[in-house]
Each structure stands twice: as C-alpha cells, then as structure tokens.
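To start, the structure under review is shown below, and the notes come after it.
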Amino acid sequence: MTNAQLTLIQIDNYGPWTVTPNPRREMDLQTMQSRLFADLAQFIGGRGGYVFFTRFDNMVAITNGLDRTDHDLLQETIGNRYPVTISLGTGTDPSPIVALESATAGLQEAGSAQDGDRREVRFGEYLAEEQRTPEDVQIAHFDVNDATGKYTDQLNEFDSFIQIEQGYATLMRYLREEHGGLSFFVGGDNIISICPGMTEADYRESISHVEATAGVELKVGVGIDKTPHGAGMEAKHALETCRHDGTVVELGTHQDDVEVATD
Amino acid sequence: MTNAQLTLIQIDNYGPWTVTPNPRREMDLQTMQSRLFADLAQFIGGRGGYVFFTRFDNMVAITNGLDRTDHDLLQETIGNRYPVTISLGTGTDPSPIVALESATAGLQEAGSAQDGDRREVRFGEYLAEEQRTPEDVQIAHFDVNDATGKYTDQLNEFDSFIQIEQGYATLMRYLREEHGGLSFFVGGDNIISICPGMTEADYRESISHVEATAGVELKVGVGIDKTPHGAGMEAKHALETCRHDGTVVELGTHQDDVEVATD
Amino acid sequence: MTNAQLTLIQIDNYGPWTVTPNPRREMDLQTMQSRLFADLAQFIGGRGGYVFFTRFDNMVAITNGLDRTDHDLLQETIGNRYPVTISLGTGTDPSPIVALESATAGLQEAGSAQDGDRREVRFGEYLAEEQRTPEDVQIAHFDVNDATGKYTDQLNEFDSFIQIEQGYATLMRYLREEHGGLSFFVGGDNIISICPGMTEADYRESISHVEATAGVELKVGVGIDKTPHGAGMEAKHALETCRHDGTVVELGTHQDDVEVATD
Amino acid sequence: MTNAQLTLIQIDNYGPWTVTPNPRREMDLQTMQSRLFADLAQFIGGRGGYVFFTRFDNMVAITNGLDRTDHDLLQETIGNRYPVTISLGTGTDPSPIVALESATAGLQEAGSAQDGDRREVRFGEYLAEEQRTPEDVQIAHFDVNDATGKYTDQLNEFDSFIQIEQGYATLMRYLREEHGGLSFFVGGDNIISICPGMTEADYRESISHVEATAGVELKVGVGIDKTPHGAGMEAKHALETCRHDGTVVELGTHQDDVEVATD
C-alpha cells in the first residue's frame, strides 16, 4: 500500500501582485515563475522528492522524506530570494488525491489565495520516519510511442503539441477519476503520475482508454520505493525496458517482488 | 492584417540525451529545462518578443523585432552555457499557424529532432524592418472568471488544475482549427494566444465555445502592436478593463482605432 | 582616443535589507547576489557591454551601445524579479575613472546608498549614436603566466588564490593611479581592465610593476572597438597569440592599424 | 578546538574549455560561473555549509555536516545541468588551512586541473557523525566601520572598492599566515573567515594589523557551532551587537560559554 506525502506550494497573493501597480512584463513573470519552479525542483529533488509545475502559482510536490524542518527551510530560502513568498500545505494518505485534498484544505482554511494578509502559511503533517516503508511511493512514467517519428518530425510544432496535450488531458482525468492518481506533463512526450497501489492490469486499461479516447499511444514504466526519486528512477529504467523490448507496461523489479506479486 | 514572425526553438537530440548513459535525475531535467526557458524569456522578452514553454524540448516564440543577428546570438549564448544546444527555425505569415509550419518545416528538412549529428541548425526568414507595421501582432490574453473563488479556494489543487486545463485544451483546439491561432497556458488561470486578425465577434464565439464545451468561463483582453510585448501589454490592460467593468471581451485602444474599426 | 560609457549599478538599501528583520542566511544572500550579477551579465552582455561584480552590492559596467531605453528596461526587469531594486548612474569620458566618478556622483547626490527612501534612481548621460567611434573602448585582458603549473597544481587553493589576489591588488592600484584604468578580477587567473588610450609600452610597464611588486608574472592582450564586447573579443584573441607565441603584450589587429600606429 | 571539513570544488579543465574552439563570450562565462556558484551556495547552504566563490574555477567550501552521499549528489547534479563538470576534494583538520591542503593535494595527485582526461574526481574523508562536536566550526564575520558613510557615499565606486579590497588583501594574508585561517570577501564590505580556535585577543590583533597596514577599520562578530551555518548566524548576530554597541569584537553567546571561557 502506498502512503504519499503531498505538498501544495502556493505563491501568496500572486494574481494581484502580477498587476500591481500595473501589469508587469509577461516575460518577467514567466522568468520568475520558471526559476522559482527550478529552485523548488533542486531543493525538493535533492532531498528525494518530486515537484511539478502544475499552474506555476500553485505547484504540487510529493515529498516523502522531507520533514517539517525541510519545509521550514524551503519557505525561508524562497522568502529570502524572491519578490514573492510561498505558503505550504502538506497531507499524507494512501490515496494521492486524498493527501492533496488535505494539503489544500489546510491552506484554504487559513484564507484565500488572494488574501494579501495571508502569507507564508504552514499547514500539515509529515510522515514520521518510523511510519515510512519501502512501498510508500508508486511513480508511473509514461511516454508517447514514437512521438518524434509520428509528431515532432512530421507536424508543425503546435499540432504535435496538441496531440501530446490531448493525450495528457485524457490520462490526467482518467487516473484522477478511476484511481485518485495525479498526472503531470513534464515536457517532451512525458507524463509522470503519482499513483496509489495500481496493478499492471490497471495500467493497461489506462493506456487503452487514452488510445481509444484521444488516439494517442502510450507506454509506461512503473517504480515503487520509499522515496519519489527512488520510485521515479525505477520507473525510468522500466520505461527503457519498454523501449528496448517493445512492451507497453513494465513494472520495476522492486514492484515485481513486493507490491504486484502480492496484489 | 497581422504578420507574425514565429520561431521554433528545438533542443537538439534532447530525448536521447536525457537517458544517456543512464536516465538522468528527473528534477535535474526539470531544473535545466525551466531555466533554459527562463533564459529564452529574458532574451526574447527583452527584445520585445514572447516565448512559450510548450513542450520544453520544443518551444514556440513570436519574435517580430528580432532579426538574424539576434537569433545568432541566442544560439551562441545558450550553446556557451548549457549542456545542450538548440536549433532555430523561423517563419513569417499573416496566419500564425502557417508561419509556424514554415518554421518547423525548415528544421524537419535538416534532419530528425533525434538525429545526433543535426546540431545548431538555423533556418528561416526574418521580417525586414521596412516590412513591419503597427498591426503585425495580435495578442489575446484570456483568464478564467473568478478562478480563485470558484476553483483555487474551493477544490483541491489538482481538481482546480483539471478545470483550467480542460478550458485550455478546448480553447487551444478551437482557435487552432477555426482561426489558425496559437494558444499557450502561461500559469495560474491565464492563456495567451497569438492570433491572426480576429474581430470582437470572433472572440465572443471562442469564449462561448469553451463555456459550452468545457464549462469554463473565460474573458479576454486583446492588443495589437508592432511587437509582441506591445500587443501583450495592451491586451493585459484591456483584460484589466474586463475585470473592472465586468465585460467579457475588451479590445485595446489601438485596435479600436486601427484594426477593428476598418474591419 | 577612448570614450567610455560607465554605468554604476547599486542595489538600493542593500546592507539594511540583509539584516532585516534578522540577519538572512548567508548562502541565500550569496545566491541572490550572484544570480543578480548573472542576469546583468546576460542583459548587458547581450547588448555588447561588460559588467563586473566588483562588490556585488555595487557593480560596474561599461555600456557603450546601451542607451536610456536599455537602462530603463534593465531597471524594470530587475525590479520585477528580485526582492531588491537597483539604481543606475551613467557617465561618459575619455578617462574610465572620470566616467565612473560622474556616474557615482549622480547617485550620491540623490541620497545615501542606505537611504530607504532612495529607490530606483536614474542618473546620467548616454553616448549618442553619432558620437560613437570605433576606438571608444579599449579592453585589456590579463592572465598569469602558467598559473596552473605554478599555483593551481602546486599550492593549496587558498595560497594559489593569495598569489592571484596580490597580483590583482597590485595591478588594480597601478592602472587606477597611473592611467585612470579600471581593473576587475573575473575568475581563474584573469583580470580585465577598462583602459584609456594606452600604448604597448604602457602595458609593458604595468606588467613589470606587478612582477616587481607582487612577484606575479602577467601577460596581456589588448583590443579596441566601438563596443566592450568587440574590444574584449579582440583582446582575448590577442591573449591567445601571447600564449602561442610566448609574448607578453599583444595588441589586437584593429589597434595596430588605428590606435597605436597613430599614437 | 575546531575541526573543519573543507571541500575544494574545481571545474574540470576549465581554462582550455573557455577558449575552445575559440574564446567564448566573456559575459557568458561570467554568467555560467556565477550561476554555478549560486547553485553550490544553495546546495551546500541548504545542508548547513558555506561556500565561497574564491576564483570561480576553484571554489572553497566548509562542509561540516555534508557526507559522502551529499558530495556524490552534488557532483551528479552539476554534471547533469552544466556544460562543465566538477571535481571534489575534501579534508578535515583542526586547522582550516591544513584541511584545505589535504583537500587540494587529493585533486592534484589525480592529475592537473587542465588535464582533459581528469574528470569528476572524488577524493577525501568526511567527518563521521560521532566525531562531530558543537565547537567544530568557528566563523568570523568582519565588516568595515561605516563603509557607506566613508566610502560608498563619498568616493567613486572604484576607489571605494580599492579601499575594501586592500583591507581584504591584508586580512586574508594575516589570518592565513598567523592562524591558518581562510578569509573570503563576500560582497559589500563583508569578509567571512573560517578560523581555528582563536581568542578575542587574536581578533583584536587582526583588526589592529589591518588598520595599521591598510588604514581600513574593521569590526568582527564570531560564532562557534557544529555547522558553518550555525556558526555563521551566531557571528552575524554578534556583529549586529558590535553595530548597536559600538564594539569592535563580539563573541557569540555559545562561544562565551564553551570555547573562550575555557581558553
């Protein structure tokens, strides 16, 4: 059984800030947002977690292995170096969506995202070291079969993007609704999902659904580990196996032994 | 009539690089990608253009005002500072999608995006200064009505994101298919579109389509100018007028006088 | 005759900010400072200028080719993306130190660097396009003879650093006092100087002085151009000639024809 | 007694890279160097260490609290995101200079800093957790008395810089020669030193020496802790006490109790 620790990172009062006193240059906003995300990726990634840019003003991270002290430091270091501050809500649950609901609710109870007085909120609980297990995190890494050959090298870039985007939009809804999983586009033709305990059959159905609905053919590697980075790396290696062997779903070796075998 | 200069920025051989010799840490890839995008945003934005992250390995920019020398420098400075290089294709046309098709085709003819020997390609034409007019660029800046009140402060962040995402997926297809316009999610509840000469009625229809199809209510400010930055700023101010006056479509003052009045 | 345009970039009220409300983490200050400098280097460098980190809270740039609009944009984009703002003073003169004196005086007259109300000051004059000539900028690029063999590969890093530092401290004072030139350590064993019209003999004397005083052996390549980047590149190529030919002073080809020949 | 863990960070074969195949744009080199330093500052600083830019191609860090795994990750993440790689040597000793000598020697033995085949070297020992004590790190934070009033607001920026620089050059040599301490200019009028167990009298003598030799008046706050960050923060607070009380040397409270009282 998985046990995800999800962190919601919300820029405080960001919308109003972007137009105060006048609308700011869009490319400056894009620069600031993407660098803030990059810094979060380094901070969280260097401690074994994963963060996704989501909407940039609200970013979702899976942070198994990061404790309260790490979150304190993250909030402080961003506040020291950016013109904006961040609030952090954390939740834990076997279901990723439930964990995120808990993380989000904590911030919402503290006030609106556009409340100018609500700054640097901290909310939530963290997995204690003794609660953690080697099956806490299940990461699925999807990509599109031959995206370069079928799209990038054939269509104009926007039409390639539409194909990838529609595949992503379909998968994100399916995994959310059917499994409570959280899927994020991470660039190229790649989607990474934070999943609950799902089986090989579950993944095959997901891929069939996307192909039937959006006409986009996916494959997936899956990893399970104590940390997001560990699970994600296992998923990447499993996806490499798909590429070499022409298979559609590959479960990392860890999962074969521990999770799926006993399912 | 608009006359967009579109630039496709493609990281050379990126997919293979990310797994050579072994899959690289995902958070390092995210960091590198988003910082590369931030640097492009500063470079292009500081010269009056706009760039969008699109798929990160392929990014789309509107670059009216940037000439061949600027593109030379961009390619050189990225090559000096990143572990990857970029190829650049440029095209111009009254229709944004046609301009991008031209830009993309140039790179495709030079070889595959995953051809390890195809590096730092340059292709395309640039608008000569004497060709440029004050109506070359039309930018539409959409946002979601009361996204904070309806989504961010109510739903968990992933479900908020799904709403915004479905609105975006619907709009991007509609504007592409009906008008040849290119729409990009830029964070929060914001979408920026590179549009051909569209009228107020065209925008009203687009918004109605998104509401009918995805259930997401948008409003839009539109700007026209010689440069993307100029048009984008006019669009932002027009969107502020929507917010204050409760209107759904606002055309910037420039457009009132010059473009739409004569349509 | 040279005609340098110098820009002083001063972070507003920085000292007090670093300890308000409490001392901030040193590594956050270092990160913020060095990234601010990097952004200035990209902005100014992409427009043909050079900037040096100097004291980080005060940075010196040579900005021939950047006009008032460029400086406006620089101030705006930094203000949009950093937790601090910058003031900019500009001066022009055949003598670099006189140009910088003028740039500095403008900011000093507007108030103290630690006056919390003095923010985003702009002061100064810019070289008009018609005033500019191909001999406006003289850049000298020094390095230490065989620094790797004599220091880096032999001494502990701090003792290597002391050697380089003492060479730099000696050169910076000599060129300042004798010629009104401005010298900046740029990393490794490299020093870049903004010089007035100096001759080969002047450079030989400078190098002799440093060797006699600090025991550090330098060589130098010199370039002259309309822009700092052009002059700096010529200087780098000249320094490569020193390396290959074992010479101590090399003047770029441009200088041979135009400046030195007529001296 | 202190017990410093020093890490030397050396960019592999950097000099040759900067001129291959031709000299690279200086502002790109400056950007890359300073961003690399910023990333090191975040990585090391977020784990309780301090890093100094030194010569940029060789950087010195005090890394008490970072183990082998942290150094592995640092080397990997830089290699993933930069066009250059780094080698890391580590040493530990009560004397900072001896620790650095050990760290440097390890890299030197592996080959020259300009050996193209010597890449991503790792050398050294790390303090085991059970060896670590609350007095391992002594950090001194110096600044110049009224630098803004006497220099920044009075002189042109280069002459201000010369004053600060000469003060630094004098202090760095004195502490190195007399105590084996390592001093680094960190911007503005600030110098941070990694010191062995030094007393209040030692600091008074250092300050007197700099005033007598270079005419620059310093004051200093000193902190002692298990980690560089802890000691550095204590030093910053002690320096604030100097500022408020007009004193010249202040030892942090920790030191009063533990180190100096027993000296």
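In this document, chain identifiers A, B, C and D correspond to the written order of the chains, with residue numbering beginning at 1 in each.
Heads up, the rule we're going with is that a residue touches a chain if its C-beta (ideal position, glycine included) is under 8 Å from a C-beta of that chain, and two chains touch if they have at least 3 such contacts.
Only a predicted model underlies this, so the values are computations on that prediction, with no experimental measurement involved.
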| item | value |
| --- | --- |
| Intersection of contact partners for chain B and chain C | A, D |
| Chain pair showing more contacts of the two, A-C and A-B | A-B |
| Reference chain C; chain at largest CA-centroid distance | A |
| Turning angle required so that chain A lies on chain D, C-alpha fit (0 to 180°, nearest 5) | 180 |
| Euclidean distance of C-alpha centroids - chain A vs chain D, Å | 37 |
| CA centroid of chain A to CA centroid of chain C, Å | 44 |
| Between chain B and chain A, distance of the C-alpha-averaged centres to the nearest whole Å | 24 |
| Chain B residues counted as touching two or more neighbouring chains | 25, 28-29, 31, 35, 42, 45-46, 77 |
| Chain B partner contacts - residues on chain C that touch it in the complex | 39, 42-43, 46, 73, 77 |
| Residue numbers on chain D that touch chain B, as the complex places them | 24-25, 28-29, 31-32, 35, 76-77, 80-83 |
| Residues of chain D defined as touching chain C within the complex | 8, 10, 14-15, 18-19, 23, 25-31, 33-35, 37-38, 41-42, 44-46, 49-51, 53-58, 60, 97, 100-101, 103-105, 108, 112-114, 148-149, 152-162, 164-166, 169, 172-173, 176, 182, 186-189, 192, 229, 232-233, 236-237, 240 |
